[in-house]
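Both of the next two complexes hold chain A, though its partner changes from chain B to chain C.
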Partner chain A sequence: MAFLEITGLSKSFKDHKVINDLSIGIEKGEFLAVFGPSGCGKTVFLRLIAGMMPADSGEIDIDGQSVVDANPEDRDIGMAFQNYALYPHMTAFDNIASPLRSRHVTAAEVDARVKETARMLRIDHVLDHLPKALSQGQKQRTALARSLVGRPSVVLLDDPLRNVDAKIRYEMRFELPRVLRRYESTVIYVTQDYKEAMALGDRVAVLVDGAFGQAAAPHEIYDSPSTIRIARLFGDPPINLLPVRPITGAAGTEMSVAGSTVRLPADRAALSGRECMFGIRSENVVVSLEPNNGIPMTLDAITPVNNRLVMLLGGNEGTELFASCPQGGPMDRLRGRHNAWITLDLAHAHFFDNGNGARI
Partner chain B sequence: MNGKSVLRAVALTLIGLFFLFPLFWVVLMSFMTNADILRNPPSPFFTPTLHNYTALVSGNLGTNVGTQKIDYMLNLFNSTVLSGFSVILSLILGVPAAYAFARYKFRLGEDMAFTLLSFRFAPPLLVLLPLLMYFQSIGLYDTYFGLVWVYQLITLPLVLWIVRGYFEDVSEDIELAYRLDGHSWLRTFFRISIPLARPGIAAAALLSFIFAWNNFIFALILGSSGVQPVTVGALAFVTASGIEYGQIAAALVFSIMPTLVLAVFTQRYLVEGLSLGAIKG
Partner chain C sequence: MSTLYLDNVSKVYDGAPDRAVDSLSMHIEDGEIVALLGSSGCGKTTSLRMVAGLESITDGEIRVGNRVVNALRPAQRNVAMAFETYALYPPLRVRENIAFGLLRDRVPSGEIEKRVKQIAAMLEITDLLDRYPPSISGGAQQRVSLARALIRNAAVHLLDEPMSQLEPQLRALLRARIKDYIIAHKMTTVVVTHDQTEAIALADRIAVMEKGLLQQFATPHDLQDRPANLFVASFIGEPPMNLFPAVVQDGGIAVLNDRQEVAFHMSVAVSGASGKLGDGKRIVVGVRPHRIGLAPGERAEGTNLVGEVTSNHWLGDQCQVGFQVRGCHVIAVGGRDVHAPMGSQVPVAISGEAVRIFDAESGVAIDQGPEPAASLVA
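This part shows the complex of A and B:
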């Protein structure tokens, strides 16, 4: 049994099932990044764990103890809110000290631990300020310090980097894992940025339709998404998806992409005759401006994204494909429309069932 | 100073004069003799006298047919006791109730809140006459307790509805964050909810104090001279030989003092905003 074990958790608002039979186990010291599109129930999930709203059904165990009926104050959970939820009438020091003051810790120790945590998060110079006098970044660090200072058994972070500017977000992506490791915290980190989830999480859990569609190491989710929805959520530009119907002929199993015939690897013979979705990420679409035996298309637009060049290609039958390649090549200064020939790296391609969206 | 700000200053002065003039005239009257007050045309130039104030403090109302005992100082004391205790009782009952109405959905909740508000709609006389019979038979007539109880009709709905709005504005996340820190519900209520709703509580307390202070009809019917406040006490100035305008004015100046002091004192809380910047704007 995992340190934090959640089984069959459900929560509905009126007829809307926000969390639907969700189960997951989180090991002690693990950093679980929960990723999902906005409005998918991430915050509700955290609130159920924190005990801020009652679950309709399900079980939550921390270290073998059921906490599902416990009050929030008895669960030993620290939480940093998206809106920080600092106490406006208390100084940063008193905000951070709050979890310690509920535990009969001596004044000297409160002082020492608050200052230690504040130093680590580099807010020790603003401890006597009221929240209104703190910058966004300092508020966010104060909220983080408050969630960590009591060394709770589970730390919940509700999209803490959402409301800070890009520079602080970038800094915190480096700093956060270091701080959390120091506190040996078991962390559930909620975000709606798939890159943040992949950068921070030991494991990424994707919340779709009120349950975890997939929970795995970041690159496993990126490389082998379990459903078409999860495949769509990860990746920038989004994964290319084309409806296909492979047919087995004399030359092997083949499918039609943009009017050209593409032969599939031998292990895909089972797809023959099946209507399905063909998915391939932009980096697995290789573009050549010299004629070769690839699929002829036109290169319509090209734009740099995160140190890669992303290309939009148009082809027969209205087909559009994204391709990408590292910057620094001959493509860098390319403008205008060009004829292009593309090759698909089918070893990294996916096929998804048209009905339930599962990867075949 | 440009034209616009001159115009603004003139407009503000005019508005100020318009609203403060009656008050100013009452203050002037309190230093006049009855003869000065009734002079036609009225004039702001007269020989000031403290006679009205000394009469009030000493309790001897001198009229042109002899002196009459009045107990205005006792009335002032009664007003303070009645209004003060009414507000305190309303805060003790109303603030937790306001919190419940703001935070929790419960059966008949809205109906209860509205019923409390509807006390303000009822014509007081309609309620008071039957109440007088009950009060006399259970011994609450002419007692501070009885009046404080009835004053809840004035003060409790005010406290409840004003403070409720402020509690609704306090972010639930802040309260929940405090509970997650390991503090009990009760501690959270006293350390987070109440301090954050303090401007609202101060405003409600001040308003209900003023409403209670200005009440006339409840004390007129449910109490005799022993517990009657200044509003009823002022009736004594209508004497057999005429109306003592000077003393009425002085009594008025006396009676607005406490509320004025309170208003100045709590002004800080009244203007202090609720959102102190802990939640993103």
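This part shows the complex of A and C:
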């Protein structure tokens, strides 16, 4: 049994099953990033664990003890919210100290622990400030300090970097793992930014239809998504998806992409005759401006994204494909439309079932 | 379709102590795509509205082509605008909303139909053409508003936060299709956005604004590689530039850590426009995360250090590695397969060419690095 074991958790609002028979085990000290589109039930999931909302059914065990019937304050859980939820009339110090106050901790101990946590998060110089005198980033750090100060065995973070600007977000992304590791916390971190989930999570759990469609290491989710839906949620630009029907003939197994014939690796022969969806990420589509034996297409637009050039290609039968490559090459200076020839790195391609969307 | 020149344009709202826009000068070339980028309240939307004629101009001059438009009403300026709030006509169908400007411009009905069909397909709203705006989602309304502006033949197209509500899965596709459309139609376009990803993806040049002041007007590449000041350096980039407090020491640079102690030295020739910098001068050193080499055995003409990895974020197509060098936090971006496990020691190579130097007091760049290449739009 894992340190935090959740089994068959369900929660409905009227007829809508928001959390539907969800199970997962999280190891001690693990950082689990929960990712899903907005409205998928991520916050409800956290609230059920924290005890701020009763579950309809299911079991939650922490370190072998059931906590489903325990009050929120007795669950040994710290939580930080997206909107900080600081007490406006209390100083940063008192806000951070608040979880300790109810627990009969001595004043000297409170002082020591608040200061240590604040130092860790680099807000020890603003402890006497009221929330309104804190910058956005300091508020966020104060809320985090409050969730950590009681040394809870489980920390729940509800999209804590959603409302901070890019600079603070990057600072915190790099700092959070260091702080949390030091506290040996078991963390569930909810986000609707797939990059944040991949950056922070030891594992990423993808919440779809009220349960985890896949929970795995970031590279496994990215490279081997279990369904077409999960494949579409990771990657910017999103993965290219084209309907295909491979056929095995004398020349091997082939399929048609944008009107050209593409030969598949020998181990794909089983796909012959099957209507399915072909998926390939932009970084596995290689663009050449020199005529070669690749698929002729038009390079319609180049949009640099995060230091890569994202290229939209148009081809026969209205096919559109994204390709991408690192910046710093000859493509950097292009503008407008150009003829292009593309090759597909099929070793990194996927095929998905047309019915249930599962990866084949 | 036309040039758009702003010369020393200012805006003061009645009773406001500060200028919402302060002496903004920008020459936008015919067919150029320009983004006005900044956080809320920086003056970007006010600037756009002055161009559109929706705000009066306190001072300065705006010219569309050869024509000064300061005193002209919005309808006389020949500009098309997409509003952040969409501003669609609720009693008109989506199709009629999109065609509205063309009817006024007396475009023949056959052509209107053809163009509405084309632009609706481009923006994925074909299925919504016979619906009424209140019955479609916010993201879809935004696309209708965008269609209504893009379909027009105007001297200048103004787009205010045009993609803020778009569904994430559509964003990359529509961004690329819209850029293709704008370039193919040689449209002079100004996009207001708070989102640097959008600005960098779309624009030939970006004007970064803060507190009513233009901070820098340059290509996306130059904003990232040659920021004019510390504001731009810390605002632009994903992640933004590493910035280290430092002092000039024996003609080189001594980088300071959190406790103001010397963390490491950089052997870089430090000189500014006014010649050599004096010893003891306080500066800020900037290095882009993308220009720090992390490959094993990699060495640079410049500074070679060893860092301890404190975080390693794998993002699928790239890796963002955080490490500490004697009390300094540094972020580097590498390819998909950088091997840098937590706690390991990695070589950190920073070439002299990658180092930017800012005045610690004024924040202005003293050394911006090599000269930029020519603009993409002739």
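Just so it is clear, the second predicted complex is superposed on the first by the 360 of 360 C-alpha atoms of A that agree within 3 Å, B and C clash if a C-alpha of one lies under 4 Å from a C-alpha of the other, contacts with A are read in each partner's own complex, and residues count from 1 in each chain.
Keep this in mind: a contact is a pair of C-beta atoms (placed from the backbone, for glycine too) under 8 Å apart; a residue touches a chain by one contact, two chains touch by 3 or more.
Source: prediction; values computed, not measured.
With the C-alpha superposition on chain A as described, chain C and chain B fit side by side in the combined arrangement.
In the superposition on chain A, A:220 makes contact with neither chain B nor chain C. By the touch criterion defined above, A:99 lies against chain B but remains apart from chain C after alignment on the C-alpha atoms of chain A.
Applying the stated contact rule after C-alpha superposition, one finds that A:85 touches chain B and leaves chain C untouched.
For chain A, the partner that touches more of its residues is C, with chain B and chain C as the two candidates. Legend: residue contacts after superposition of the two complexes on their common chain; A:209 is shown touching neither chain B nor chain C.
In the superposition on chain A, A:146 makes contact with chain B only, while chain C stays out of contact range.
Of the two partner chains placed by the overlay, only chain B lies in contact with A:50; chain C stays clear of it.
Judged by the touch definition given at the top, the superposed model places A:132 against chain B, while chain C stays out of reach. Taking every C-alpha of chain B against every C-alpha of chain C after the fit on chain A, the minimum distance is 13 Å. Those residues of chain C that touch chain A in the shared complex are 39, 168-169, 172-173, 175-177, 179-180, 183-184, 196-197, 200-202, 204, 220-221, 224, 234-235, 238-240, 290, 310-311, 313-318, 320, 322, 329, 331, 333, 335-336, 342, 373, 376-377. Residues 37, 165-167, 170, 173-174, 177-178, 195, 198-200, 218-219, 222, 232, 234-238, 281-283, 300-308, 310-312, 320, 322, 324, 326-327, 332-333, 335-337 of chain A are the ones that touch chain C when the two sit in their complex.
The touching residues of chain B, counted against chain A in their complex, run 171, 173-174, 176-185, 187, 192, 195-196, 275-280. On chain A, the positions that touch chain B within their shared complex are 50, 52, 71-73, 75, 77-79, 81, 83-89, 98-99, 101-103, 130-133, 136, 139, 146, 150, 163.
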